[in-house]
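Below are the structure tokens for one structure; questions will follow.
Note that the chains take the letters A, B, C and D in the order they are written out, and that residue 1 is the start of every chain.
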């Protein structure tokens, strides 16, 4: 090969191109390479130092949830044909990926009750930021009003992004566990580009989405954005029916692993009028020269590789494989399954909240309906209570204060329920959490 | 008339039997089936999911969720059985070309082999079912892995601080430009411009706009590098940053990199390294040593995350000391005190003791968060496994072989009959990829780069990246990667030569290609004009 | 001349471009590539495996292994990199038709959907990395699983004792006939003959011979059942056993089964149930209740082990009390005393305590072992997962749907234009499968069952089993299974009708089919005459 | 569907075909069906009650070995295209499976130094029985002479089968750990159909295969059969070069899981003259009507579905997928890798034997060369010693007596080494086994 190139050594190829001062004249200081079996053992040893949802009874949630991922998803996502190609730039040999995108878009549009969906974005919180950016492109305004019920990560991510293009983020407080409608209306002014809330919100409460949308529209017609949890949309009214303009959300509950936080995908759907300003890839239907149905990447003039500095987003590599898992999961659940699952979650969550709320030193944070997660206020140090529970093999949920840093979240525990948590599991949680709270209260009293 | 006219005119019909039922030519029936979506399959009542038992007391749904909050009609999701789902998706998967099936020299995308070990280790429950909000003391394996990966990326880039958080390269760019903004703001400066060369990838200018800066384009000189005069002219104190890819998207290492860095730093701006082309220089040259302040890595490129049809990936960033205070939160840290001493079992179990590896949120100057949780951990596992497998020397070997392969393929394509039609756009040698111009071919043979690309499909190859970078006429950007064999490179070079020869005889063959794919050329204009982006349901 | 003559004459050439490089018709290039084996790929020195470090003191090999025991030349295994291996096998896998891609109504083989859950649970390290000689007290999960599976198979078959050991159906048959031998010997009898109907699967007579018995064939009556008169005539005290499939390979349940059992038992012989067709009767009728002494199960059929291109499978057997003493060793047993009491953690940990589930080798009358270790445990895991998923009612549903589907497809094929050419060989209704005769088709249209089968390939279907059972002229044995949809059955029936119609117009189309497959009809005669069964190496 | 069939109910279809007395008039007494997630949890709970080679440091062997299975094997065997079809009866759409068979045959022929290989049989011991049956078909004799070094399961399986067709099995004892050559020659007479030994033998010793073959031929020309461990054939002389006629073996070490004993595959290779009497499937090369290279099942006239009672074997469904794993593993190891691996095993096994043999109360059973397993004689109760070790997380190997039931195997421990067992692992074994033997000897003395 060297002869064909006309060089004497590989080194020469580099020497002729890289100036000496910026050549690294030494080996990288990294461990030596290892045989496959040794890498496997090393990574297995690291994995064994994590306590996964397989190793304890976990009620962690707050954005990602331990749902059961059916085996067929692994099988499909591991097929070379889906796993190893890149973005379908050559549609003639990428109909598989393109059709999956088209089906995914159909499923998300259907689920959200909105006309258009893209083929997914990175994940939940950055999808909220992307919705904000879309709103500024749409109406040129530079102010975001967000409900304090939005996930803290979403608010923080929006802030990080908004700071770049000099937009302001204003928080509206909650009342009785849901967005304070009066404060909401008041906060939304003529500069407000988007009004953003979460459904269900960070504390598990079901918001009155229709009222929030209507109030926002009435106040100053911003783009109304809802961050939704897609797995609740079998039972909750779809955002499109509630006057929401853009629905975004974390797709992980749909057939994606926890993976310590990623990769998953972000869903992004909107009313028709936002189509040409959507971020991300979109697959569209067309025909080939023989009239055969086919799919292509469409509306690419929104995208960075065509429009460059005028693009509606900078997104390029994103989450195609995770979105595949999402649409397969939705097909697996099916039209009836998503309702049944939602109703099961409703029932078990209700049960858990009632059982736990009845315990001395434990009270419900609010009385709003909840679907799959709820917040408790403990009359004890949450960190200490959690530690006690974890020692007994039960992770009772998320310390809201530790996550949000908000003073008012002190003492708040978020408890998530999935279809994997049975009544017996919940009963065990009740017993162990109850005991932990009792012990901590005693200790506090003693001090 | 082309000899293929007949074939082209009605292949869908010509290959069907007299009854229209099945082909009587070589078309595999499933591959040419009319596309039907999952929404067009199944039947009412069919299902795969079996709902777990309602083991808690039944309560009327209306009591749990007032009607006005409830969905009135179930979403029209598919009604299909598990076997139908499997057949459907296995079936459409076969309408994809993929890296495990053939050569994929898609320039700038580094389509290197994806070892299956990585999928195996990423799927271990200790990684895959680890909740992102697990307490750090119970996620020490994950945090140690992230820490180790940070250290390795730091060593590879020559920059001391790493954040793994960004979700992809362009997300890393956004992080980088926001860091630059924070850096200037912290010094009390407000700058408005970011320089990008005209060879830059589209994500660079798009990012600049999203981060609230104005894009200023830099010209490329005759050697394919930055036009230094243009840079000098534009580098003023309103410039926040220069974003550069090195080797750049022409596959060329900028010989003036040190001078460029001096000019940029001279006006107080930062130098950003788009790491998409890092596969050319691992263990050979480091952005930090070139003077870059901020680097993003595309783990899905240099560190072989499978591309998944367009993701997932990850875009960690490495930065210099002066940028470090602004890194996104949380940051993975290691407590030195513990790292030094030997940690006993008892100490680890002790709840009060701070864990060795932890997440640090107390970064007052941080730009904040770029996304939820800690980043695409599943990708970190794979990238880390890759680095463990190769080691330092292996990474350098990978880059050397990537560059060797690119130069060999380039040399093959300099053969008579090809080079005249597809000359190298700039330079003589290349790094890990090279860009040819299809301009002469277009003029001489009247086929465009697009036609060549489409005809390559019939030869069983994924085409190179086409029409990028923009400054090359009819560009063809070829990146073979280090995991391809000489035989494959030869076969590809032969195919290019054969297509050119074929086109010289009859350009219509290429112009109407492909012929052998599940669908042929698609009407993209119609798709964009009247977008149909979801299945129409009854 | 047939309209396809041109196509047939030189498709390999006709579909290539003028330069022979790539197709200009619809042939996907990879599918029609000339087959090259892994031995024809790679290059000297290439490799995938990286040997673990020699961490013990180096000793000269000659010292450890005298030269005369040593291999002189390394075996000429492939020299290929990991990406080459992946591409090679992924590539050739695409030259297979598989159940996940289409309808596979291969009669007698029960090609039902294979749920992926089963692969997931079988791969759990606690199952997959469990050594077969692990002490029973440390393999309680595995033994309990086997015990539970035994109990379930016992309930399904109506016979009290189960051995999971045989590796496949025919291995189960061998076990069964050897059990019969042991049973007779134990009573001091030596019998020489085993009866099998002429509809029997080939493994039945082959097994009989291997077990040292003589095969005596039984005739089939006009209804497709055992000819009772023939049975009476042949059933004497030299008969050791009657091997029967019920429903038989015609898909018919023998209405005289009780009488048959009486006759066989009357001469002191055993009645053996070939369980290949159990999918017709799970939860509906039980071999034990019909009077059978020994049953084999094909876990890969009724209990949906994926077929793997020809295995693995498993062929457990269930037997009556009188056969039980002879079962192969070891036998999985449960200690009743422990099963009754509540076992404490402490008790389980105690080393002296005998484990609840155990392997029993102390069976003095046992026929011995049929293979190493305890059988194809990986298959047991999958079969057990299947039984857990379906439950008792689900198994009955499966059989009901399998029978419904078969009868529906049969009804569809009774349509005008088909039934005259492909009449049902016997009976009116069927159980889970049915057998058509292609005789009238052959006479009327001059195409054989083989032609019909090959033409079905172009329609994207796997053909039914052909030319079996032997007593049906030009037999076509169709087993749709319960996991197929009505749409699929309709499409298949339509394809059959279309092929017959097409053949009426031009029989040559079918006779030269298939057209769309990676290779077309292969010369099997030449292959057998001068067998080339390995790659010739340089 | 019922209308098309012309029945009123599904029940009617059964009622019209199955006589009432043999209908099962009640539900099966089995637990109710479960959702996927519950089945998963149940099977996971069972798995967690097994101590696998992942849960302890295991030196178990004696027929199956904990080798590392590279990840690409899982990926390939899980591809639908390999996993879900059946036997390639329709070659036009089964070229994938057929080519794999052809490649497998090539690899096994190459490895064994024999001209022909079939596409595999069930597993090791039944492959020995199949070789015996082949021998009787070949020479019509009815007596098998087997070395006592053959795996006990192989001898037992051969006996079970031989009893059916009334053949005798005669065992030849070992001397110094290997087959007693004099006794071997003496035992082989004119009625001897096959003479069978193992290489390496059950006690890990390398036999003098050439001498055994030559002696057998000289005595009465039976079919000489060797049961080989394929992973040793990178360093051990191939049976074909040693005068062996038929080589069989357990294929598990080649890329197959332990799976508590199966499924794996049995390899079966022979000299050319046995080709038309081989059991099992064989793929052969041919061309299609267009002259294109292809593969078919060939020599089917040996097989049960064609030849019925005259078939050379009754095998039908066997181990295609496991053989696929085997040939992929061999390609992965490659020409040089199989030698390197063999040499690594040699070195580590030697090291382990020397270290352990030096311990008081532990001695080598024999001084013969060993490749990957060896036998020790303990001056203590093996069961008790093993129990002590297992309690400390080390499974020191197989109790030979418990497996074979032979009196002379009392006190014998078989220790297997794979490339997964590092020097550190071996050192740990030495420490723990040494301590266990010391304790048991003390206790015995005390009693």
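The criterion applied here is as follows: a residue touches a chain if its C-beta (ideal position, glycine included) is under 8 Å from a C-beta of that chain, and two chains touch if they have at least 3 such contacts.
What you see is a predicted model, and the numbers here were worked out from it, not measured in a lab.
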item	value
Chain whose mean Cα position lies farthest from chain A	D
Counterpart interface for C-D, drawn from B-D, A-B or A-C and sharing over half of its contact pairs	A-B
Pair of chains joined by more contacts [C-beta pairs], A-B or B-D	A-B
Distance between the centres, which are taken as Cα means, of chain C and chain A, whole angstrom	45
Rounded Å distance between chain A and chain B, as computed from the means of their C-alpha atoms	21
Chain A, residues touching no fewer than two other chains	33-34, 36-38, 40, 44, 54, 70-72, 74-75, 78-80, 419
Shared interface positions of chain B, touching two or more other chains	11, 32, 46, 49, 51-52, 82, 86, 90, 94, 100-101, 115-117, 119-120, 486, 517
Residue ranges of chain C touching chain B (in the complex, touch as defined)	3-4, 7, 11, 15, 17-19, 21-33, 43, 46, 81-84, 86-87, 90-91, 94, 100-102, 113, 115-116, 455, 458-460, 483-487, 494-495, 498-499, 501-502, 505-506, 509, 513, 515-517
Touching residues (chain side chain D, partner chain B) in the complex	33-38, 70-72, 74-75, 80
List of chain B residues in touch with chain D within their complex	49-53, 86, 90, 115-120
Complex contacts: residues of chain D adjacent to chain A	36-37, 40, 44, 54, 68, 70-71, 75, 78-80, 419-420
